[in-house]
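In what comes next, subunit A is part of two complexes: it sits with subunit B in the first one and with subunit C in the second one.
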Partner chain A sequence: MASVLQQDVTVGARGKLALLIHFVLLISRQAKVRLTKWYSPYSQKERAKVLRELSGMILTRAPKLCNFVEWRGYKVVYKRYASLYFCMCINQDDNELEILEIIHHYVEILDRYFGSVCELDLIFNFHKAYYILEEILLAGELQESSKKSVARLIGAQDCLVEDAKEQASSIKNMIAQATK
Partner chain B sequence: MISICYSPLYLFELLLSEFVSGLTPYEKKKYVWKMLYIYMLGYDVDFGHMEAVSLISAPKYPEKQVGYIVTSCLLNENHDFLRLAINTVRNDIIGRNETFQCLALTLVGNIGGREFAESLAPDVQKLLISSSCRPLVRKKAALCLLRLYRKNPDVVNVDGWSDRMAQLLDERDLGVLTSSMSLLVALVSNNHEAYWSCLPKCVKILERLARNQDVPQEYTYYGIPSPWLQVKTMRALQYFPTVEDPNTRRSLFEVLQRILMGTDVVKNVNKNNASHAVLFEALALVMHLDAEKEMMSQCVALLGKFIAVREPNIRYLGLENMTRMLMVTDVQDIIKRHQAQIITSLKDPDISIRRRALDLLYGMCDVSNAKDIVEELLQYLSSADFAMREELSLKAAILAEKFAPDLSWYVDVILQLIDKAGDFVSDDIWFRVVQFVTNNEDLQSYAALKAREYLDKPAIHETMVKVSAYILGEYSHLLARRPGCSPKEIFHIIHEKLPTVSTSTIPILLSTYAKILMHNQPPDQELQKQILAIFNKYESCIDAEIQQRAVEYHALSMKGAALMDILAEMPKFPERQSSLIKKAEESEADTAEQSAIKLRAQQHTSNALVLTDQRPANGTPPVSQLGLVKVPSMTNTDQSTAEQELPHLNGALTVVDPQPPSTPSPDLLGDLLGPLAIEGPSGTAPQSDLGVASGLDGGVVAGALAIAPVEEQTNTVQPIGDIAERFHALCMKDSGVLYEDPYIQIGIKAEWRAHHGRVVLFLGNKNTAPLFSVQALILPPSHLKMELSLVPETIPPRAQVQCPLEVVNLKPSRDVAVLDFLYKFGTHVVNVRLRLPAVLNKFLQPITVSPDEFFPQWRSLSGPPLKLQEVVRGVRPMPLAEMANLFNSLHLMVCPGLDPNANNLVASTTFYSESTRAMLCLIRIETDPADRTQLRMTVASGDPTLTFELKEFIKEQLVFIPVPPRAPAPAPTPVPPQALPPTSPPTAISDPGALLAGLL
Partner chain C sequence: MIRAIRACKTAAEERAVVRKECASIRAAISEDDPDYRHRNLAKLMFIHMLGYPTHFGQMECLKLIASPGFPEKRIGYLGLMLLLDERQEVLMLVTNSIKQDLNQTNQYIVGLALCALGNICSAEMARDLAPEVERLLQFRDPNVRKKAALCTIRIIKKVPDLAENFINPAAALLKEKHHGVLLTGVQLCTEICKVSTEALEHLRKKCIIGLVKVLRDLTNSPYAPEYDISGITDPFLHIRLLKLFHVLGHGDADASDTMSDILAQVATKTETNKNAGNAILYECVATILSIEDNGGLRVLAVNILGRFLSSRDNNIRYVALNMLMKAIALDSQAVQRHRATILECVKDPDASIRKRALELVYLLVNENNAKPLTKELVDYLEVSDPEFKGDLTAKICSIVEKFSPEKIWYIDQMVKVLSQAGNYVKDEVWHALIIVITNAPNLHGYTVRALYKALQTAGGQETLVRVAVWCIGEYGEMLVGNSGMLDVEERINVTEADAVDVIETAIRRHSSDLTTRAMCLVALLKLSSRYPSCTKRINDIILQQKGSLVLELQQRAIEFNSIIERHEKIRSALVERMPVLDEATYSGRRAGSVPAAVSTSQQALPKIPNGVAKPASAALVDLLDLSSDADQAPSSSGGDYLQDLLGVDLSPASQGTNQTEKRGADVLLDLLSIGAPPAQSSSSMLDMLSSGQDNKSAVGVLDNLASPSAPSAQASSPGASSSMMDLLDGFGPSPSVPVAETNGPTYPSIVAFESNSLKLTYKFSKEPGNPQTTIIEAQFVNKSTDTYSNFVFQAAVPKFLQLHMDPASGNTLPASGNGSITQKLRVSNSQHGKKSLVMRMRISYKANDKDVLEEGQVNNFPRAWQLVLSSFR
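What follows is the complex of A and B.
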């Protein structure tokens, strides 16, 4: 008895150094990469390999199957939204559904920010997709589960950027630059 | 922002030229984004990293933001460029600007490495517990600290943090609380003892959430109070072995009961997922807490419901958790009631679910249901996808052997297995069946009959040819009276197969012919002639094995009656552990092996060098017992199966290629513009034009899944050899084995030059399955600067990985560096701490000094602290010559002739470190020929610390016995860090009288 316990403890011994989410990928139906974020250290070469393998695996899955695939001793939780696949890679013993809803949480925030988000929004504003992701995940863990709070932060960031732009274009600045 | 009409190559050129000319920060920002975009498209961007990093120090927010985010996307923790940024990042963290703090914390949290951990952890901790910081900074600080803790657990001081952690759990802001809970999970997973005070608080949080008390609207998700925080809290609770306090326990069980009972299936997918995420975590916690039987059976009932639902995710998780539940002994019978449903899942269209079902069936199999389950597996085998067949056949073979109700059934199963999936049946499987048949007389005629039946089939697999030829060779005479079983007929039917088989099978056939010839009584001249003609033909075969057999059999068959004795039946095999089960224990899943080969073909990890070694697997072929009649050695068969696998692998690889984008999708624009269908189920999206490939996905996956651990899995991996002994040997030499166990061998090769050292760790996987989650962490003492290159997470089968380690000696010290090494093999997690032989004497270089140099130096270093003297007692008695050898092997050059007294030794050496530079050290040992257990030692150098450390070091060497140890106490447990060779206390006390004498 108590083997469950033991197993959890040993898994924990490994888990302390392992991340919850190893990486996040957005891949289009045409296997184009729309966003990548790596929380575990992968070299450039490894990153390319992961992308190749996973897009081959996930894009070929028929609809209405489960949202988890087992891959190299990890699990990849993915969800398709229209033409885009959102994928997150976790350890085998992590809670899959929790991750699935983190994906949805992210998509909802994107949707709210762009107003009915589509793939093109994420192509032209891919930097925004990064900004938003940075507010939701950190160190491979969920950072903020309140949509309102994320929206507030992103709004504040946008304001800061806008302010800086205005400042830069003001006459005062022009003069300053001219005399430099 | 970027026109996608530009070809990426054009952008490339554009960017390169732009970077060369000077840029304003604004332009820089623009181009850095473009660079990231190109990078994302899959082009290797190896320029402009510097520009991205330099933007971090821009004064204005927009540029800084871009610098931070692009840097954390492009680089990983191992990039050198990151070091350039440490100071700027630190300034931002300790600065007053909140937005800058956030940016810096995000970068460190995402890609911070060890160096960041050491230099930034205190600042990050300050932010986390500061009351003046806003929640948005503190939640980032919590996760950032988590990252740093993962990189170096020492950054969090356990004593100081247990109270603070408990305080953090009182946090009202749920954002900060979620982050803190993640931090807590990491802390307790490492050391739950220190955080007991957090346990009741976790239960309180869980209660608050489950009752939806005081949870702001924005933190509910589809009406559920922060499901993520609930999951995290329950995860943290699973790291505490028990909940002792009865009140806490009661309220925890109330909450769990509420979750178990109160979760209903609802229409909304997201609400359903979120509530089930909580439910499954609760199930895991209940299993962990080993609750009352009633609650357990409640759990199994729930899981039984789940594996039958339509929603595939829930079905998958139901199967997965049921496999975990198997560990709880009481409920196995209840699980068995769901057998039919589980078998149905074996035919699920989804390979992920099929895998789970297979694992579960394998785990739940016992004597009572083995027949049903194995027959189901066999039936499924013919339709199973290639990715699963090897695993499936191995599992079926193991179950058949373990739980066979009778042996003839076992023979049936294995023969069917070979018939249906010959390609995936490893040699071990057929060797095993041959062993069984040989050892059980009542089985022999049955097996021979069965083998004979299979030979009638028009096309049979080569493995089947091998098995049936072997069995018929041994036992066909038992069938002689049956129709179609005369020696002649048996010979003909076997000989028909000869043109179709490979060279590895021919030797077996030759042995069979020899045996048939022996049983050919009364002699049938025609048969004899035919067989001899065959031997004759193969006598000139190019294959040595075949040739030898042909020659020997031919010569033997000329001997007539003597043949009977030589070719008698094989004796019984000694009982031994099934090689299959051994194999399964070694490599939890055999598909893992297969996919590992595939992995190896595709992946060459990072900057570490991967050398593969194709030695044949475990040496002795089980059947080659007596010299004469033997099965071909495994080397041959192994190679041939490897060859067979290759084309198959290549075939599978082509499938991996993503759908070529060349086929223009008619609704490309629809894809780009269509909303991401948040509300509707994902399946309603436009019909996939990739759907055709559904049959192919199986070939692609081959994920390295582990079979659910059914046996008790304790960390019982025993090291081979004495770790301490190996360490001491390595202190004296520069290459050798540091550690070895059944799975891995860690070798070391070192080069030392002045105060620099380059040590290469050779991590060799000894198995045919990959090692996962490999982690090597160096815990350097304060006087050494050590830098380990990236260690790949996976070591492919039979591969060796080299990991260079750079060492710089900063100052003299006897502290020892420790390598914290961890890997996972199957379900074994092995964690060892090994002392690294980067010891003091490695930084010594022997030097000869002439009397003219020695004496002035010796006199000028007149007394403490530069010159120390001590009488050492309890010295291991050794002749002077041996001591001189010992000194020389420690890089202390013995200079004969300097001391007129023949019982004394004088040695000199140069010590190198960054603080002392090259420093001459002089040693004098005065021994007493009457009592070899004591001596007087004087050490002198220009640096007081060095003198002291060197004196203690030499003393340790003289008192402690380096090689070979007198009592080799095997140390299976990890060597504790800093476990220095023990100096026996009495000798450590220096003799005051002697000291005085020295001073005078």
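What follows is the complex of A and C.
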């Protein structure tokens, strides 16, 4: 037993980390990338290749088929919401059904945050989409199962930003007035 | 900017916009404008997402992170995570900033830093920052605790040695009430257990009962709106807990026992209408299958999978197939029960499900069900999608090879596969098939007829054509004669012309590639002797290939044509059946590297057309046979062929002395027709030839050739002579020497055999007036320090040679070369001028009271001018 574990460790240290989720992609129907998040290291070239391969594979699948595709020894779980495909890449022996739930979880939170989210929201506020993802997933693992607390956290951080902005503008105003 | 990019209609426009933006961002960076920094970085990230290079913005991230305000830090960290990954050097610079931020009191800033650390931390950073993260596991705010827990996962994965430090804080997290922290704590414990056995033991002892209670409370908990997903409270936590049980229970009976009740409860009570419930069930099954044996639970698990399998939801069926692969190792009987359903899944329209199902079926096959399963798969092959056929054929072939109960079944199945999906069959598969066929002498007739029939319906399958053409070439007479009928067979009437038709169609087909066409030519040559009535027609077909643009085909066509036209007598001998190919060697080959014999034969190939006349091309027939399916030629038979080849590969010049004029001319004609590369020299040789014809003796021709046009042999066979020189290994006077010395040639002596203990030298001489007979004086020298007694030397030669041995000079061989035994051998060659000498020998003696037996083969008789460096032991 011990030796088996030991072996696993060395393999993990050498190759890619045995993360739950290797990367998250949002691809539009037209194969345009809307969001990418890489938890395992991929070079810029590899990333482009992955995107090309996967968008080719996933976008061509018929609607009623199962939500999993096997790809280079990994599995990619995808789900389509309107014109967007949400994809997550996991290991062979992870729970695909759960990943579907995680995707749905993310979508619901986005929906709540933007108020019935659409692709355009994600294009123009892509950084917000990233912030939300950051609160749900970390290091390729699930971080928070409560939609409410994610919303709370994001809200609090947004407030901080707004405050800072207000402060900055009020300071600017003061300076402007002072220099008048 | 985003709007501008979106407005672009073409990629070129987009590039232009991006270039402009990049330029302005660069300018802003060099001006070091703090106000617009975060906006620029946001733009950069968008550009990055589109796949453009953005490395110049990396330093901006660092500056933003180092700035005091939260908004700047927020965008800075986001940029850091997007633009950088753990392999970049720049990352080292950020370690200090992250360290400072981890020590801040604002929970959100700490959160940002942890998040960045968790996503891109490298091994060095993990070492440097581990103490901070450990401290943060006890931070007052739960949101920071959960982030710290996940960060820890990353750290221990990067640096497993650090896991020990985290055992206690991680175990403490399991007592949390906050779901987020509990969730991440459970994940952290799972990961720690995977890297540290110490942690595993600790958790088994201390925490398992608590964890079981957590899971029980969770399953029985009333409706909790914050965590509810389709009626189940926090399925994510369910799954995480089950995953931890998976690790804890694996290989530990006590732990498994503790958790079995709750697992049973989860397995039976979970709602299965929604995906969330199924996800939990699925994880539960995985856990049950991994923990220590509990019969009842396993039955439950396999039953759940069975239910999944019959589900209408594709996702559920997919995971069921996936999990059954694991279950099959534990309880194959239970899985076999679902065989019919699984077979149905192989035919599913969904590629992912098909692939899973096929792999599962492959695991399900055993000796008992191989036949019906293969039948199902082969039947399905007919209707399956083209892109799935590749996988399917590979699996079928592998099943058939692995489990074939008898050869006839194997051949039947393979013929079916070849005719359904021959284009998807890999080379080694049909090579293996040919080997099996040659090894089943009683099925030759049956096979060739089956292939013929298959070819009538499925002529478009390349590999089928190849195998069929090969078999018709080899066993053509059985096809026509209906010989070797099996009881199950129907008689078919095939005329010789029909068989030739088949090959003609194959060679004419546009899609036939070089290999197929070359095989067709060889088959035609073979048929020319098997079907005497069709010789003329065959020759015509071969002649058509003379104009082929492919050198290989052209060369074969010309050579075969001259064999058919001019060498009636030897043809039948040349095109005999291939000897049985050795299965064992082949399977060894498939695994191992390419043996020397074949590579030698391939090297030998190119020089033949230059250096050798007709008889060589005869051997070429076999050799080509061999090299066209070079892969299938086992090394031993490869050696034999080579030897045949080289045996025939006499320097025509040295033999020519004993030939009639016609023969001599023939030789030269062939030399020319086979296309000596230097064209100018060949034309001069034609001139000489015409003059030589006046000369009454071929010797004269050869002399003419030999003396005036400098080294004529070299002119006509540059490739051969140079490669011969390599092989001659020391005792090679130039090949033209024996040409010049037309009579009474002196032959160098050769070392016919040498081992660690013994050396055998042959000296040659000829009886004047009887060129067919060679007298060999064999001399044995003992190289070891022991005296050999009872020394006996035996030799054997092929049928065309006659061997007469005089008694040896003694039967004791003194040690260390202090004396020798000599023995005279007289070999007469009935095919003098066509084949050269070959000899196998066996030497037995007693050394130190032990019987020693040495065997060898002599191929390096000097007239061959080539050595085969193989000695068989």
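Of note:
Everything below uses one rule, namely that the second predicted complex is superposed on the first by the 154 of 180 C-alpha atoms of A that agree within 3 Å, B and C clash if a C-alpha of one lies under 4 Å from a C-alpha of the other, contacts with A are read in each partner's own complex, and residues count from 1 in each chain.
Simple rule for what comes next: a contact is a pair of C-beta atoms (placed from the backbone, for glycine too) under 8 Å apart; a residue touches a chain by one contact, two chains touch by 3 or more.
For clarity, every value in this text was computed on a predicted model and none was experimentally measured.
Once chain A of one complex is fitted onto chain A of the other, the partner contacts of A:L65 extend to both subunit B and subunit C.
Once the two complexes are laid over each other on the shared chain, residue contacts for A:L138 go to subunit B and to subunit C alike.
Of the two partners subunit B and subunit C, more subunit A residues are in touch with B.
Shared contact residues on subunit A (touching subunit B in one structure, subunit C in the other): 1-2, 5, 8-9, 12-13, 17-19, 33-39, 41-44, 48, 51, 61-62, 64-70, 95-98, 100-102, 105, 123-124, 126-127, 130-131, 134, 138-139, 141-149, 153, 156-157, 160-161, 164-165. If you check the complex, the residues on subunit A that touch subunit C are 1-2, 5, 8-9, 12-13, 17-19, 33-39, 41-44, 47-48, 51, 61-62, 64-70, 93, 95-98, 100-102, 105, 123-124, 126-127, 130-131, 134, 138-139, 141-149, 153, 156-157, 160-161, 164-165. Here subunit C touches subunit A in the complex through residues 2, 6, 42, 45-46, 49-51, 53, 69-71, 74-75, 78, 81-82, 85-87, 108, 111, 114-115, 118-119, 143, 146-147, 150-151, 153-154, 157-158, 160, 179-180, 183-184, 187, 194-195, 197, 226-227, 229, 234-237, 239-240, 251, 275-276, 278-279, 282-283, 286, 314-319, 322, 349-353, 355, going by the rule given at the top.
Contact residues of subunit A toward subunit B in the complex are 1-20, 28-39, 41-46, 48-49, 51-53, 55-57, 59-74, 79-84, 92, 95-98, 100-102, 104-105, 107-108, 110-111, 116-120, 123-127, 130-131, 134, 138-139, 141-149, 153, 156-157, 160-161, 164-165, 168.
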